[in-house]
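Look for chain A in each of the two complexes below; its partner is chain B in the first and chain C in the second.
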Partner chain A sequence: MIPAGTAVGRSVVRPDLAAKLSGAAVYGADLPVAGVLHVKLLRSVVAHARIAAVDPAAALEVPGVVAVVTAADLVDLDATWGHYVRDRPIFADGVVRFAGEIVAAVAAETEEAAAAAVTTIEVEYDELPALLDVAAAAAPGAARVHDRAPRPGFACPPGTELGMDNAFYHHGLQHERVAEVDEAGAVVVQHEYIFPAVYQYAMEPHVVVASWEPDGISVHSSCQHPFLVRQELATVFGLPLERVRVRVPFVGGGFGSKSYTKMEPVAVAVARAVGRPVRLVNRVEDAMVTTRRHGMRCRMRTAVRPDGRFVSRQAWIWMDTGAYADNGPTVTMVAGMAAVGPYRWDRVDIDAACVYTHLPPSGSYRGFGAAHLQWVGESQVDEVAALLGIDRLELRLRNLLDRGETLIPGQRPLDADLAGDLREVAKRLDWGGALPAWRGRGISVGVSPAGVSARSAARVELRPDGRVMVLVGSQEIGQGARTVHAQIAAEVLGLGMERVVVLPTDTDHTPYDRSTGASRSTTVAGLAVQRASERLRTALLAAAAEHGGVPVDELTLRDGRISTGKRSWDIAELAAAGPIGADGDASELTGAGPALFWEVCVAGAEVSVDPETGLVEVPRVVTVADVGRAVNPSLVERQDEGCTLQVIGNAFFEEMRFSEDGVLLNDSLLDYRVPTLTDVPAEMICVIVENGDGPGPFGAKGCGEGVFGGLTAALVSAVTDAGVPVRELPMSPDRVWRWIQQTTSDTAPG
Partner chain B sequence: MRTLEYVRVGEPAQAVAELAADPAAAFLAGGTTQLDLMKIGTVTARRLVDITRLPLRDVTFDGGDLRVGALVTMERLAREPVVAQRLPVLRDALLAGASVQLRNAATIGGNLLQRTRCPYFRDVATACNKRDPGAGCAALEGVHRNHAILGTSPHCIATHPSDLAVALVALDAVVRLLGPDGPRTVPLTGFYLPPDDTPRLETVLRHGDLVTGVDIPLPAQGTRSGYLKVRDRASYDFALASAAVVADPGRTRVALGGVATVPWRARRAEAVLREAPEAFVAAAGAELADAEPRRDNGYKVELARRTLIRALSTWAAP
Partner chain C sequence: MKPRPFTYLAPTSVDEALAALAEHSFDAKVLAGGQSLAPLLNFRMASPEYLIDINDVAGLDRVRRVDGGWHIPALVRQRTVERSPELRAAFPLLPAALEQVAHPQIRNRGTVCGSLAHADPAAELPTVMTALDATMRVASVRGEREVPAEEFFQFHFTTSLEDDELLVGVTVDDLPPATSTGFAEFAPRHGDFALAAVAGVVTRASDGAVGAVRLVASGVAARPQRLTAAEKVLLGQRPTPDVVGAAERAARGEVDPTGDIHASADYRRHLVGVLARRVLTTIAEEGDHA
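Let's turn to the complex of A and B:
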């Protein structure tokens, strides 16, 4: 524990709490917009088809309908988008590639009129065979989901190879720590694993208000990456950046579902066609086919010497990105990295493929990659431990990398004490203590690349009214970014929290920030806030020195007052003639590849399995928030708890089910089962580890996603320890029950 | 565009008259089923007759009966002290249903008349004899893990989803009606119609019949009762199997939910228990002897059997 500062290190209450609890907070669906039209989308009901005809005549007859917009209205544009691969038409253009693809939009004076009209549009589909299974889609000779060569999007890293096959992107990791790797006598485990497609379920689905004005595009969007949305819209609609303005109202959760661009292009396209502002509000069933988490199949092989020394790890991974790439290649890259595990291997050989199918597109979701692969790798470590008769914790401790060692060549060396973290978990799980039958403990360790980019800037301004305004483009999506940024500025400037205001993002005024994701808001954007605040502090002291005619080193700044000897004055006086501001950024953060720091994914769990029903209960969960420095300890704990609940859903019951024709079957919250309060583990222990070793402000590094990798794996480990081997998620009661039947019949004598 | 008329009535007779005058009109109570189904196109109504202002919101005693107005909400009834004390089976069944928000809007009358959750009934793009007589039943060969094993017909295997109705069937509740020809009463055990070859007809109600209330005979003092609901998820989910048990001194009444096309009074189990009050396993076995599972819902036979045995062991054991 590091002692708390005046603001940093304290569990201050969120400044936006009252607005959210009282309903005063204005979300995208609440924004008052004069003359706004309501948009409803017609989505394809088939997974793969040629569109023979679209007849909007009946819809146009519906009173209140202003326009029906289709691909035909965008022929003057290159109306495709996608930040990584520019593969996605705004409206299906001749072909639909997944059930749920946008075919047409209705704009009407009322939501009701739009909803009524959209069902009357007649579309004739010539159905085509659909590729719904990622392995089939990746197989040699499979029909292609896209027949054109993939075009890199504006955010595709230079030099990335995009191929013509459905498996259009590969992330390979091949390295040898020792020459002539010797596997003789090694214990080998090899299996196939399956991970389901799941949905992020942010409480507020996507909302966009868009208008097409003579001087450009104006958008209010519930998005996580407003600056990348600006860039995408500028690219698609052929405008310079400064003629696209993106503002972000209160956002009701993201979890990755609102990262990059989602509903903005179609909303802008409709606004452009009708010449009036429009509002597009997704419902849950829309959001589920807008973006989701990749389903995955994987084959993994692990070889370990009889003395317990790790030799080699191989994995072949297929990520089902659906019909359009979205952020699939990044997810695939991180999945490949997660397959390695933070161990000292002699040899690593991983191939992770991003594969097109005729299912809805997949993108980012909290903890991606680690959520997919950590449980796979860790379950093989457990299996080896059992085969060798070595304790699971002990086997890990023997092979874990130390701080400073290379995890993946070319990437930032390991920057955390993983063994220490693991021991913290073991202690709280009473590791080694006896358990009754059908109970199990699990433990898991991993890391995931976080931070992604140092491109974050901030501006901090003292206003004449004495308040300090923080302009930073990291979005408050419930994680507490605004609170943390205010704390950082308050700490540096010696101010009470009530005098610091973090403003909502407006790309016309807010300094650039790449994105709200990869656990970067505190570490990267927070560093920009810290640097800007420090500059402002220097500027204020200099101004005060001049103002009072005293040397700077005789001044102190505390509680918003500058003092020298007996004299003191409020900093507001310094800004009487106008605001004083300073800029800062995070450019000092360097690091090759996506890891500006490694987010720690360490957790443990205890479970009990009911052998008669297959139901798994989770009495205890231990998560480690290895955050370097907890700027706000309460927010750190809430991050781990919230993520714990999402993991429980993903690990035990959530799964998007598609029909044989590729249509999503469970597109409501009654049928798609997110956890409820009854699923909260009886005991959730969050261990905050503060080693001051993060690259962010005050030694901080990000958190909030690591639990997805760590806890998913720990739960699998615990269920296995209870006697049920797991090779597929979710561990729903029916599956667990079948696995129990299999295991008992496999091991039955005779 | 679909147009919809809306009228609010103040007197039960007016409500009945409104419906009698218009075959395309329907009652609107809490709206949690009616509006839901209208939005997805499963049911259509040209005219909604809002009955929420009718004076049918009282819970009173009349002799040995608890008289519950049709517009009493689920949450309110569950919180009535007399229900907590004398009718735990009813309280449990109510609180095991839906969510607090829904229960604060949903009415007792509406609950009894809610429609099946069969996905093929709800999805207008698929075949359903209940929605569209003669169209066929997509559930027979489709996704039917949650469908019925009792009271099924070759034309429909949809379950009745209500928890409340299962408790009330076990309690021998009586439905009070007001129809175009005046008031009448129907025992709940005779209220629901099994699908047979007319799955569209779900109850004995005729168009225009208004449920005005439910009369529940209070079980004798000392009666133990309870409702056990088994589901995939511990809250906000419909039953895979459920059992209501009312163990009056000298006789045990039993009903099953989640497994049958109608709230299922378990007469065969009761007959076994009359002879041998503690023969729970035999009773459950008898009730499920003629169950007709299909490809994916065979587990319900065993699940219902065990649910019933556990419910009996909990509330009917001496």
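Let's turn to the complex of A and C:
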């Protein structure tokens, strides 16, 4: 632990707590908008078809309906979007590629009229065969989901190769420390693994209020990346950036489901067609076909010397990105990196492929990549340990990379003490202690690239009322970004929290921030806030020196007051004539590649398995928040706890189930079970590790996602330790029971 | 979504309610606790033209003693039954099952008869009432009739109620002496619909052998299913672990569930065996110590 500052290092109460608890917080669906029309979408009921006809006549007869908008209304635009691959039509144009694709929109005076009208639009589909399995879609000779060469989107990194096959993007990692083949006698483990498609389930589905005005587009959106949404809309609608304005109200959770662009293009397209502001509110069943987590198949091979030294790892990974790329290539890249594991290998050979299918599009979800692959690699480490008779913890400690060693050539060297983290977990799990039958312990270690981009800027202003306004484009999506940014400014400026206000984002006024994701809000945007606050502090002291006629080095700034030995002023006096502001950014972090820091994914778990029903209970989890410096320890713990619950859903019961025709079967919260309080483990231990080794403010680095990789793997490890080998998630009771049957029959005598 | 528009009727007597049902028949739905009906309306899986709210009907909200048993009228809430000292003593099976039904907030509103009339094959109460051999009291303007539970539940969400009939109450006869009951279900999360459940009522003869048994499973068929093969194994035998094991196998063998997105058919079949054994083991231990 590092001693707390005046604000940093303290579990201060979130400034937005009262608004959220009292209902005063205004979300997108609550925004009062004069003359707003309500939008309902007609979605394809089939996975793959040519659209023979769309007949909106009946819908236009419904009282209150103002317009029905389809692809035919956008022929003057290049109406496709996608930040990585520009592959997605705003409205299905002649063909639908997944069940749920948007075919038409109704704009009406009331939500009821829009809802009634949308069901009367007649669409004639000529059905086509659908590719629903990622392996089949990636197979040679498979029909193509897209017949045109992929067009790079505005955020596609220069030089990225996008191919014509359904497996249109590959992330390969090949490196050799020792150029040889695996020696004879090496222990080799090789299996295939399956990871399910799941849904992020932010409590608030996507909401967009859009208007098309003479001077440009105005959008209020529940989004995580408003500046990238602005760029996307500017690109699609052919406007300069400054004519697109994106504002973000309170957001009811994101988890990646609101990253990049989602519902904004269709909302703007409708607003453009009707010439009035429109509001589009997704329902859960809409949100589930808007974005989801990639399902995955993987084959992995691990070879280890008989003395326990790791030799080589190979993996072939297929990520099901659905009909449109969304953020699939990035997810695929991180999945490939996660397949390596933070170990000292002689040879690594990974091929991760991003594959189109005729399922709903997949994008970002908390901890992506690590959630998909860490459990796969770590279960092979466990298997090797069992084969060699070496303790699982010991085997890991022997092969773990040390701080400063290269994990992936060309990327930031390892910047954490993973062995120390792992020992912390083991201690709290009573590692090595005896357990009754059908109980097991698991432990796991991994890292995931975080930060992604140094492009965050902030402006901090002292206003005449004595308050400090922080303008920073990181979104408050429940994680506490605004609290943390206020703490950073308060600490630097010597102010009480009540005098610091972090403003909501308006792209017309807020400095640029690339995105709220990759655990970058504290580390990257927070650094921008810190630098801006430092400059403001310098400016205030300089102004005070002039104001009071004393040298700067005789002044102190505490509790909002500037003092010399005898006199003091409230800083408000300095701003009496107008705000004093300063800018800062995080550009000092540039040049590190996508991993501005490695987010630590270390966790442990204890489980008990009911061998008769296959039900797994989780009496204890231990998570490590290796955060460098905990700006707000309570928020750090809440991050780990929230993520723990999402992991339990993903690991044990969440799974989007599609019919043989590719239609989502469990598109309601009745049938798609998300975790509730009853799923909370009896004991949740969050170990905060503060080594001051992060690149962010006060030595901080991001948190909140590492648990997805670490705990998923630890749970698999624990269930395996209890006697049930796992090669597929979720570990639902039905599956666990079947695996037990298989294991029993495999080992039955005679 | 919100329900399609409907006409709301609020009769204050059984006769008024029956008259309304007679008039609107197939176009009407009866609202008691609304814990199943309201979601159906909101999802528009049910779109009645008339909603007959019986909550103002007098005389249907108190459990009463009847000759040789207890009568639970149509407006008695599940939570009331669960917490009634008399009913807990008379039928421990009821609280054992009711504690598994959804959550207290839902049981505070949901009625016993509402759940029976709704006849969800995954619900606890139809299974338990079948095991208790309860009798449904059914009324219409044409008169009253009594229907045994086993004849009442017919198919998914389908009972032998005619369109103009109201389930006015359910009567449960006192259990014979030396009778033990048990209930077990498996739901991945408490409060969810069970993947499978088993309710058992076993009466022991003076020598400790099983004299009468009703073993009923839910989640494996379109209505509560009596496990007659397992019952046959038990009849006349002392419920030793071997006998219980044989009953488990019989139960597994006689059900033919279908798989769905929540569980495979094989798994449900296996669960019915496990749950039958758990119920019978509890009953056997209780009977042996009685």
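We take it that the second predicted complex is superposed on the first by the 746 of 750 C-alpha atoms of A that agree within 3 Å, B and C clash if a C-alpha of one lies under 4 Å from a C-alpha of the other, contacts with A are read in each partner's own complex, and residues count from 1 in each chain.
Simple rule for what comes next: contacts are C-beta pairs under 8 Å (C-beta built on N, C-alpha and C of every residue); 3 or more make two chains touch, one makes a residue touch a chain.
Bear in mind the structure is a predicted one, so any value in this text is a computation, not a measurement.
Chemist: In the superposition on chain A, see if there is space for chain B and chain C together, and answer fit or clash.
Modeler: clash
Chemist: Contacts for A:190 in the overlay, against chain B (first) and chain C (second): which applies, first, second, both or neither?
Modeler: neither
Chemist: Quick one: classify A:665 as touching chain B (first), chain C (second), both or neither.
Modeler: The answer is both, since A:665 touches chain B and chain C.
Chemist: Is A:113 touching anything from chain B or chain C once the two structures are fitted on A? First, second, both or neither.
Modeler: It touches chain B, and chain C stays clear.
Chemist: After lining up the shared chain so the two structures overlap, which partner does A:676 touch, if you call chain B first and chain C second: first, second, both or neither?
Modeler: Once the two structures are laid over each other on A, A:676 reaches both partners.
Chemist: Which partner, chain B or chain C, touches the larger number of chain A residues?
Modeler: On the superposition, C touches more of the residues of chain A.
Chemist: Report for A:587: first if it touches chain B alone, second if chain C alone, otherwise both or neither.
Modeler: Neither: A:587 stays clear of chain B and chain C.
Chemist: Going by the contact rule set out at the top, does A:742 touch chain B (first), chain C (second), both, or neither?
Modeler: neither
Chemist: Figure out whether A:653 sits in contact with chain B (first) or chain C (second), or with both, or with neither.
Modeler: So A:653 meets both chain B and chain C here.
Chemist: Under the contact definition given at the top, report the residues of chain A touching chain B in one complex and chain C in the other.
Modeler: Chain A residues touching both partners: 653, 665, 673, 676, 678-679, 733.
Chemist: Using the touch definition from the top, list the residues of chain C that touch chain A in their complex.
Modeler: 1-2, 186, 188-192, 195, 261-264, 266-267, 270-271, 274
Chemist: Residue numbers of chain A touching chain C in their complex, please.
Modeler: 112, 115, 612-615, 653, 657, 665-666, 671, 673, 676, 678-679, 732-734, 737-738
Chemist: Please name which positions on chain A make contact with chain B in the complex.
Modeler: Within the complex, chain A touches chain B at residues 45, 62-63, 113, 116-117, 119, 653, 665, 670, 673, 676-679, 733.
Chemist: Please output the residues of chain B touching chain A within their complex, sorted ascending.
Modeler: 1-2, 41, 119, 125, 143, 232-237
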